Every structure is written in structure tokens, then in C-alpha cells.
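Common to both upcoming complexes is subunit A, partnered first by subunit B, then by subunit C.
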Partner chain A sequence: MMRLEQRFSGLKARGFWPRDPRAIGQTYGALIALIVLILFNFVFTRQFNSVISVMDLLVHVTPTLILGVGMTLVIATGGIDISVGSIMGLTGILTYLIFSGKLFGIHNIVLGTIVAIPIALAVATLIGAFNGLLVTRFKVQPIVATLITLITVRGIAEVTVNGFQFAFLSAPLVSWLSGNIFGFLPRQVVLIVVIVAFFAWLMRVTAFSRYLLSVGGNSAAARLAGVPVSRVLIIVYGLSGLLAGLAGLAYIAFDSAANPVTDGVGKELDAIAAVAVGGTPLTGGRATILGTAIGAIFIQLIRQTVVSLNIPDDIASVIIGLLIILAVFVQRQRKTA
Partner chain B sequence: MSENTPLLQMEHITKRFPGSIALSNASLHVAPGEVHALIGENGAGKSTLIKVLTGVYRCDEGSIIFDGRSRNFQSPDQAQSEGISTIYQEINLIPYRSVTENIFLGREMFRWGLLNWRKMHQEARTLLERFHLSIDVTKPLHTYNVATQQMVAIARALSFKSKLVIMDEPTSSLSNDEVATLFTVIRQLKEEGVATLFVSHKLDELYAICEGITILRDGQTVDERPLATITKLELVAKMLGKDLGSVQKNGQTSFDASRHHAETRVLLSAVDLREGRKLHNANLQIHAGEIVGLAGLLGSGRSEVARAVFGADSLISGVITVDGKETHFRTPQDAIRAGIGFCSEDRKADGIIPDLSVKENLTLAALPTLTRSGIVDHKQQQEIVERFIQRLGIKTAGPEQKIRELSGGNQQKVLLARWLCLQPQLLLLDEPTRGIDVGAKGEIQKLVEDLAEAGMGVLLISSELEEIIEGSDHVIVLRDGTTVAQLTRENLNQDAILTAMAHGETAGEVS
Partner chain C sequence: MPKVSSKLVTTTSAEAAATPETRGKQLRASLPRIGDFLRQQGALITLIIVITFSFIRYDNFDAITINSVLSFNAQFGLIALGMTFVIMTGGIDLSVGGIAALSSVVAALNSSHGFFYALACAVLVGVGVGVVNGFVVAQMRVPAFVATLATQYVVRGVALRLINDAASINLDQKSDFTTVGATTFGNGWLNPPIPFPIILLLVAFLLGIFVLRYTRFGRYVLAIGGNGEASQLMGLPVKRTTFLVYVLSGTLAGLAGVLLAINLNGGSATEGKGWELIAIAAVVVGGTLLSGGVGSVFGTLVGSLLLSMIVEMLQLENNYTVDHGGGLYLNSFWQDVIRGIFLLIVVLLQSRLQWRRARE
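Up next is the complex of A and B:
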């Protein structure tokens, strides 16, 4: 009995076990909510009647989840990035324009795709870094800086193609990314697993992650401890842009079309909701990548559940809102001492 | 002051906060039309006393008689409408609204239900003309300089027909000319029978404008008298609670300066540092293996010197030499690379990262040395943390505990360890023992001593004279941003420091 006690306190000290029972809700709230929702689905809906339907859920959640990972990093620094939806839209249309030969005149679609992806991702990263520059160098509040980008980038995307939508069912990007591994595992799902795992690892082992959290926790103190605050912020916003670019690629692959007017619109809000439900406080200083992944899946599952129960759309939105409030409430923040 | 009944009588004021007593038996008397100084060090209770007077706080005991009636204001609003106006250090007006709007905010003039702009502008101009200030009252307040904004705040106060104007460090952001203008205004107020309660740390200013003075210390009024009957030196001594000429007893702290000796190698020299209104001609030299004490009253520029040396604030001019090489640190990072560590004065505001663990806080500055291609060597990190927890006796549940859950003294030890694990050659400590318990205080003092003995250079900033006197090999006294005295062990004593704090010739006075 004593030994059990000791091991327990050892776990506590190492942070594997929350010291305060209330912290359980905070740490595992989103997970608990997700499990409850899954159980509900097993009993009342036919959501999980096959592996395919589970994969379908994950494919649907891919863009939001990828954005959510970048958003978690930005929010952990005490900022916010509402430009990611627009960046998604621009990346999609830019990729299409390049591999279809409309932009650089590359008419080999395979070669075009190989060129298009790195260029589109580089552009997305630069736009993100520009957000970072606005926030650090020009001291614009993050929400205003990224609002400027949201509007401008969406405008650029629309102007490039005069608002037309482009379908490209035959593009190699589409067939490849929406294809399966081992016949059942969609590459998109592999992509999100890799991204989540990579960033969760990054947040555990790198010095950069500690810098990021210290900037969000107390930037004046971080600066005095020698943390390169501006550089950290520019990199974080750059990463958020890069991930928005990846989300854009995943989105056009899923849709088999690029629409500069609608692609990614409002996605930034889904991403922020996923972060909030996942347990990352919007005040900065803390982050949980896994939590955000769970949060994104939770929100998507609510959506699909509501649809499968044939609830009208308008009522569905209200239910989704209420359930998100519930999830956030379960993992609500303790007041900092 | 004698014949008139006082305008304000505050007697036996006691104010308790959970766990501490901010005021106990404080009193304050101001005569009609008097310019009265209120002075005291950090935590002496000045602002609490003002807040009790203006209705921000309610006092637990004591009586307030204002203008012949016993009063107990329930809110600052009420105090204001009864004739007490407060002008805060940070001007609390609305920068983006016009001068007129700021003056009449909350009691606008109307005509047929609409704002009567013409009348308000006219009134605003008239008010400001009393101070020989003719500005465009329709322009936003922020387009004017701080001094003008302060005049607007005063004009607003006067438009309430105030009998008492409280000015909380009104000159801290004013230039010499602007201070002169402010004094003219205060004298004019006096002629009109309006009393001023003047809170400032600048002794010269007090002597220039005030008639009476109230000195607060540890929540008590320790002296109340006409200013002309007390010398600056006595005033400083009273404020800090030191008796002049008393023999300094040793052993009040855990310091023993005879244990360490300055080497000949100069670690740091700073010459003629200047920074805005905070520093004028501040000078400093630190040898390896010595503790240099930096003394001065509140607002004398102690912290600013340390921050400037560390590259945290930028200087207008000045030469800083580290280890014989002239340096220009642009960020704290540069200073850290040069082997300098800095424990800031305000642990909470710019020391700890509250949500991170003891381990992460402790190794934050050392991360670059613990990292290979971006990845932290967790084993080495853990080892360092455990070593320092043991060496400094940090009381914590473990390295993973969040630092905000630790006591002040243990937080301070973690912050010290943050620098010690880098083995710096020079440590800048700004009030390292403030607000921590006696036990931890002694331990930290002893630790600092050991470090100096081992050859580190230490700059010790402290408001506690005992700490400075017993700990330092060498003391530098700042007054209004100027180094006014450099005392070595032989001529180091309390009176010498107090004298320098009170009388030292500053650059500001010369001009």
C-alpha cells in the first residue's frame, strides 16, 4: 500500500498525474467528451458501422486539424492567427494555376505538380512570416495583423482568377493524396497523424517549444532570460502559414476543385474552436497539440452526428455551439495564482 | 498653518489588508492653501493613504475631517465632487478625445438636449488661460506633450472647484522647464486658496515648493512638520528609519564583506550613462570578486542602470566596457553571451514564467548550451536542475512543479539558479531579497557572498542599507540618475550613504 502511494506521488511529481482532481477535467476534458460522444454514436447512430466511416470522419477533419496545430502554437504565444482560412484558399488556387500550366507555362501535369507544391507552401510560409513581422516589428496586435492578411490574401486569391472555380478531378495530386495506403488508410489520415505526431514531439523536446511557451507566459521575463522573442514569434506565425498551406493542399485534394472565393472561408474559426475545446488556454503560455487534435475530431463528430440524426441545419448549429460550451466548461481554466 | 483650522485632518488611520497592515495610526494635516509634501519609501503606505482619503478604500479605523466636516468618502467620484481632485502619475485622461472633452468628461454642458460645444470650448479655453496656456482645445489630448496633458488634468481638477489637489509624482515625466511651469501653477493655486498634496521622491523639488511635510514609514506617520525645520539628511534618515550618527551594528544580515576581496581585474565599467529622464551621468565600476552595492532612493535610477548594462533598455549615450572590451549590447541575449546575468526587481512581472515548471524556468537562459540541433538534452537538463535544487536548497515538490506554486523566496532561488548554471562572470541583482522570508533571505545573502569569494563580480541593488553596508566592498550612490558618491570600505557607513542620497550633486542641478 505504501509503495503504491509512493509511486503515485512520483507520478504526480513528474506531471503524469494531475495534482489537483479538478485538473483532470482540464487535462482530459476534451478526451472525456470525445469518448462520451463516441459511445453515444455507438448506441444511437450508425456512424461507426465500418472502418471506412471512421476514416471518412478523419478525412473530413483534416484541414481543420492541420490549421488547429498551427493555431495552437500561435495561441500558446498569446496571439491568434485568423488569416489561415485565406491562406488556405490562396494556396489551393496557386497550386492549381501552376500545375495546370496557367501560371508558369508548365504543361506536364506531373512536373507541374512537383513544382507547384513547394512554391505554394513557400508562399504560405512567407505570408505567415509576414504576419509575424507585423506583430513584432510593427507592433500590430495579432488579431488586427492577421485580419489585414485575411482580407488582402483572400482578395489576391479572387483577383488571380476573377472568381472562377476550377475542377481538376484528374490531377495527380488529387488521386495521390486522396488515395489509400494498404487499401483502407487514406493518405490524408497519414498526413494528419504525421503532422500531429511531429508537432507533439516538437513541443516536448525542442528548446524552441520552451521559448514559445515562455513568450506566451511572460514575454518581458523571456526577453530578460535571453529568449529571442521576435524571432520566435516570426517563426511561429511562419509555421502557422506553412500549415495553412498544407491544409489548403489537403482541401483541394479532398474537393477535387479549387475555389478561391469559398475555400477555407471561416476555417480559422473552426481551428480556434478546436484549440479551445482541446484545452489550450487562449491567454497563452500553455499548449496541447494532442488536445487540439481531439478537439477538432470532437467538433467534426458532433457535426456528423447531428446530420445523421436528421436534425435541421439551423438547430444543428445551436446544438454544436452548446456542446462546445460544455466541452470548454469541463476543461475550464483554474485561475492562475 | 497655526491660526486657520486645517482643511484636512486625517487621524489614527488604520487600514488592513488580508495578511498585512498597510496603514497603522497614520495621520495627515493640510492647511487651506498649503502645499504639503507626502513622502515615504516603497510600501510605506503613501498610496494607500491617498486611496483612503479619496474613497477608493475605506479605512478600518480613524477619522477624516475635510473642510470642517467629518467625511468618509464612498467613491472617488464623491471625493471629487466634494472638492478633492487627484492627478495621478500616469495621467488618467482619454488620449484620443479632445482637450475640451477631457475637461468636461462626465458633466458635459447641454443646450436643447444636445452637446453645447461652443460653450464647453469657451470654458475650457478660459480655464487653461489661467495657466497661460493657449492651445487648440478641439485637438485630441495625445497630440500635446506630457506637461501640457498634466496642465489639462489640473484644469479639469480646478473646474470641479477643488479645495485640495493631490499630485502623485507629477514631475516624474517632466523636463526641468516643464517642472518650473508646474510650480508656477501650484503657486497660483495657492493664491486662490487651493491646497496641494505633493507626492514626490525628488527632495530638491519638495524643498522648492512645499511648506509642510508628512513622512510615512511602515504605514505610520513618523514625522509631521514645516519643511523648513528639517534638513534633507534628517528627512532621508527618518524616511528610511535610520538614526543619524548611530554606530552601525554588524551582523544584521548574513553578509560578511571581509570574506571576499576585489581583484584588480575590472569586469565592468560604465561611464556617463544617459537614458531619457532616468539617467544622467551614471557611472559604475565592478572588479572581479567584489560586491558593489548600488544605493539610492526610489526613482534614483538604480534599476535603470542595471537594465542598461544588461542591454534591456537602450541608452542615449554612455560607454560600457566588459572585461576590457567596449560593448554595445542591443538585447539581453548579447549580455548573456558576454557572461552577465540579471535578476530583475519584479519577480512576477519580469522574472518567472508562471505556467512553466521549476525545471523549465531554471534552465531557460541555459537552453542554448543544453541544445544540440534544436533538441534539448533532457538528461543534462535534469542533472543541472537537481544539482541546483540541492545546492540552493530550493523547496519544491519536484522539478516538474509549476514555479507559480512556489514561495517568493524559492522562486527567487530558481531565478538565481537560472543565471548560476551559466557560470556568469558578473551578476546584476536588483533587490534580490525583497519580499521573501527571513530564512531564504539569509541563505541568498550567504550565496551571493560565496559567489563573490569564488571570483564573480556582483552588483547588489538594495533598498536595505544594512544589506548594502555589510555586503559591499564598494558602494555607489545614485541620486536623480547621477552617480553622486563612490564609497570604499574605509569610508563606508550609514551616514555617508544617507548624506549622498540627500545632498549629492546631480547633473540635473548643474544646468
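Up next is the complex of A and C:
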């Protein structure tokens, strides 16, 4: 009994267990809402109770969820990154250009894909780090800095291929990322589980997360306390770029096509919505990766529920908009109360 | 301290007749003012240079071209004006593109009742969405970013529903919508006469400058953006002002929707995507800080015109290449690259100037 209590206090100290029972509602509000929604679906949506539809849901939510993880980190530092949708688009088209042999002349498609992925991800990371550089070195406000990147990167993606889109149904990238493990587990789902687990671990355990949150809480105080604020910010924006690149890969693998004009447009807003619904305050200083994951799944599940109930898609977006306001409003109420 | 002492020296020496030495001092004292002017009106100077350059280089760049550029870009200008006020309070309005789309649809649906009826309906819709935004931000205290993002989803959904998921709807061709929309002013004594959207844009900006400079509301907007908590403690009506700012932005977005309907000859539920970004870019180029508290309505007008001129110049340059042979031909996809790089240069210059000012 004693040992059990000790264990609990240990868990509490490390943040695995809520210190205050009332905080459960606050921390897990989005989760509770998600469970309610799932139960609702089991009762009212006939096709829902199968593993396939759950997997389908997770595959659909993959890009938004991956972007949301990066966005959570950026928002926790008190910033915002609206360039992620454009980075998705550029990564997609760049990957296609390399593995199809149009850019470096690699005509073996498997080899091309192996070369393309790290290069595309490196470019995405560099663009993210450039955002970080604008924010730290040149003191540009995050929304302005990433707005510049949003416009320019989208332009570069369009210009490289003159706005053409390309379909590639049988490319290795598609079969690698959209295939299943054990016959039922899509690799995209494995990818998001790994990413969420890694970043949840990062935010729970490492000193880097302390730095990150202290920058978001009070940047000046963090600087005085010896936190390398600039370096932390550049790393965070770089990570957001990297994750946007991964989201871009997941998106073109799912779509088996790369479109520089439309891929990822407006995705940054979906990601921000997921972060907000997940319970990370937009003012910075706090972050919950799991919350963002739940928020993203919640929004996607609403969309699918509404569609499966034969309500038109336009009404779905009205409902989603209202629920986002409601979710954030409820969380704010709890905090002030 | 040094400033005060130098002033003393100049006043006393002015009484005792100006020696060459003091005249030099006076000259030097007046110099920073020119520097300040260059810094503050950098965007205006660039705009004048760009227009002069275009007049010299392009044969077909004349008043008619300027008219068409302005009347096409008036919709962005109106949205940028509303955005300026919102940003000056430290907020943001991401729903403007959605509002414009919705109000263009409403205008098209009501166009059979005549222009002014349709205009009134469309603007009322904008006011309505603005009221919702204002209520959610000011009263429910939901962060502006999330609130207006959410209303954008909502208004787009509503716009699509109104026209049964068709992407767009035509104006009633029998109504006077297009004819009134194409009304020009100054017929006879102005060549070419000025189209209605430009008049609307100029009147809106003149009112905007007046409101910011000479009304209590304008002072409150800047005070709240500068320090919301202090404004609250001083007893300023923070909630009411925040609310009104979003209503203003919604109203102007509604008007922009009417201009969109004129431009498209119909309503579109899918237009207006990314307009909020165009507006934010214009505000940034105009020198308004996104942290709030500092801003200029005139700057936004200049920023908006400058951005539209840059895009227009791409087109003019391409025509020039076609006409004169050789040179650079950049297709329309280069617009974003050029706009982005231009924005980057502006922002870097601004950050450099601010840094220098902070050091002084």
C-alpha cells in the first residue's frame, strides 16, 4: 500500500498523474469530449463499429495531426507558424521531382525515393529554421515572419513546375507510406503514433521542454536565467518545418499525387484549431502534445460523423466552427474559475 | 539631457544673432526630421518611385491602367482598412475572406431587388458576422485568432449552403446591379472618370484616417493595443472598443464582398481564400505593428497600393517583353515569389530601422 502511494507521488511529481482531481476535467476535457463523440457514433452511425473506419479516420487526420504537433511546440513558445501548409506543398512537389528523376536525373525510382525523402525533409527543416532566424535574429513577429514564408514558399513550389500537378499511383512512396503492417495497421498510423509518442516524451522529460516552455512563459526572464532563447526558438521552428515536411510526404502518399497549388493550403488553420481544441493556450508557456492529437482526431471525427449522418459538408464546417469556439471558451472558463 | 541643453544654446544664440556655428547646429537639428520622414514614409516614397518608373518604362501605363488596378484592388484595400483597426488593438481577423465571399453571395442572391437593396443586405451580413466575432472575442474572451478562424469555417459553410453547394452564382442580369456598380464619377471633367470602387475606397480611407486621428474611439483603439490592462484600469471601455473594432472589420469585409460581386459579375462562396493574408501584408508594409498600439491608416492604404502595383508590374513587364522582344518573362505563378520577397525586404528594413531607433 505504502509503495503504491509512493509510486503515485512519484508519478505526480513527474507530471504523469494530475495533482488535483479537478484538473482531470481541465486536462482531459478534449479526451472526454472525444470519448463521448465515439460512443455517440457507436450508437447512431451504423458503419462506425469497425476497425477499418477507425483506421480510415486516423489516416485522414495524419497531415493535420503531424502539423499540429509542430504547431503545439511553436505556440508553446508564444509564437505561431502559418507557413506549414506551404512547406507541405513544396516538400510534396520536391519529393516528386527527385524520385521521378526530373531534378537530379536518378532514374531508379526506389533509389530516387530514398534520396528524395531526406533532401525534402532537410529543405523543410531549413525553411523552418529560416523562420526561426527571422524571429530571433531580425526580431520579426512570428506571424509576419511565417506569413512571408507562406507566400514565398508557395510561390516557389508553383514556379518550379509551372503549377502543374502530377499523379503517381504506383510510386514506392505511396506503397511504403500508405501500405499496411500485419494487414490491418496502416503505416501512416504507425507514423503518427511514433511522432506523438516521441514529442510527448520530449515535452515530459527533457530539459529542452523546460527551456521551450520558459521561453513561452516569459522570454525576457528565460534569457536572464541563462536559457539560450534564440537557439531554442530556431530549433522549435526548425522542428515545425521538419514535421510540416513529414506531413507533406504523408499527404502526397495518401493522395498519390502532388499538387503545388492546392496541397496543404489552409492546413495551418486546421492545425491551429487542433492545438486550440486540444487545450494548449495560444499565449504560450504550456503545451500538451496528446491534447493536440486528441483535438485533431476530434475535429476529423466530427467531420466524418456529420457526413455519415447525411448532413451536407457545408453544415459540417458550420458545426466545426461553432465547436472550436465552444471548446476554447469552456477551457478558458475553467482556467479563470 | 543633451537635447535640453542644445535647445537652450540655440534659443539664446538666436536672440544674439545667428553665427555660422549655430546655424550649422540648427541645420543639424533639423536633419533628423528629414530622416524620420524618410523612415516613416518609406512605403509612400517607394510607391511614388514605382509609379514613376512604370510611367517611363511602359507605353500603355496610363490613367486607365491605374484606374483598373485600383478598382480591382479596392476590395483588398477595404479589408486591409478593417484589419488595420483590428491589429491596432492587438487582435487579428482571419474571417474577412469568408465574410467577403458570403456577402458576395448574398449580394448576388438579392441583386434582382436592385443595387442598393443588395448592397444593404450584403453589408448587413458583414455587420452580423462582425458582431458575432466581436462578441466572442470581447465578451467570451476567446483568443481572436481562434475565434475568427472558427467564424471563417462557419461563414464559408453558410455561403455554400445558401447556393446549394454550387461554387458560384450569377447576378440577376435584368437588375441594375452591374450598371450601378459600373457607375463612374467625374464624367466630362475627368478623363478617364473614376469608377465607383475607387470612390468607395477613398471615402472609406478618409473616414478611417479621421476616426483614428480625431475621435475618442481611435484613441481608445491605440491605447488598448498599447496596453490593454492599463487601459482597463484607466477606465477605458475596452470591451466595447474591441467589440466595435470587429464590427467595423466585418462591415468593411461586407462592402468588399459587394465589390467582389461587381468584379466577378456574381457571388462566389469559394473566393476570398487568403484575403486575410493579403490584408495583413498590406498592414505590415504600411508600418502598423502586429503587436498593436502603433499604426497608420494612411500607411495601410499605401501598403495596399504598393502590393497591388508590384503584382501589376509583373504583368506590365511581361507585356513589355512580348512587345519589345527579349528580356524576362515570368508567368503568373511568380506573383507569390515576388510578393513574398518584397515583403521580406520591407520587414527586414523595418526591423533594422527599429533596431537603430532603439539604440538611439
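Just so it is clear, the second predicted complex is superposed on the first by the 306 of 337 C-alpha atoms of A that agree within 3 Å, B and C clash if a C-alpha of one lies under 4 Å from a C-alpha of the other, contacts with A are read in each partner's own complex, and residues count from 1 in each chain.
Please note the rule applied: a contact is a pair of C-beta atoms (placed from the backbone, for glycine too) under 8 Å apart; a residue touches a chain by one contact, two chains touch by 3 or more.
Every value quoted in this text rests on a predicted model; they were computed, and no experiment measured them.
After overlaying the two complexes on the shared chain, residue contacts for A:Ile35 are found with neither subunit B nor subunit C.
Look at A:Leu309: by the touch rule set out above, it reaches neither subunit B nor subunit C. Once the two complexes are laid over each other on the shared chain, residue contacts for A:Val110 go to neither subunit B nor subunit C. For subunit A, the partner touching the most residues, choosing from subunit B and subunit C, is C. By the document's definition of touching, of the two partners only subunit B reaches A:Gly217; subunit C does not.
In the superposition on chain A, A:Ala207 contacts subunit B only, with no contact to subunit C. The touching residues of subunit A, counted against subunit C in their complex, run 80, 134, 138-141, 143-145, 147-156, 158-159, 162-163, 265-266, 269, 272-273, 276, 282-283, 312-318, 320-322, 324-325, 328-329, 332. Those residues of subunit A whose C-beta lies close enough to touch subunit B in the complex are 12-15, 19, 205-208, 210-211, 213-214, 217-218, 220-228, 285-286, 336-337.
Touching subunit A in their complex are the following residues of subunit B: 310, 312, 331-333, 336, 342, 344, 349-357, 360, 364-365, 367-368, 370-371, 374-376, 378, 397-398, 400-401, 404-405, 418. Of all the residues in subunit C, the ones that touch subunit A in their complex are 92, 94, 136, 140-143, 145-147, 149-154, 156-161, 165, 273-274, 277, 280-281, 284, 289-291, 331, 333-341, 343-344, 347-348, 351, 354-355.
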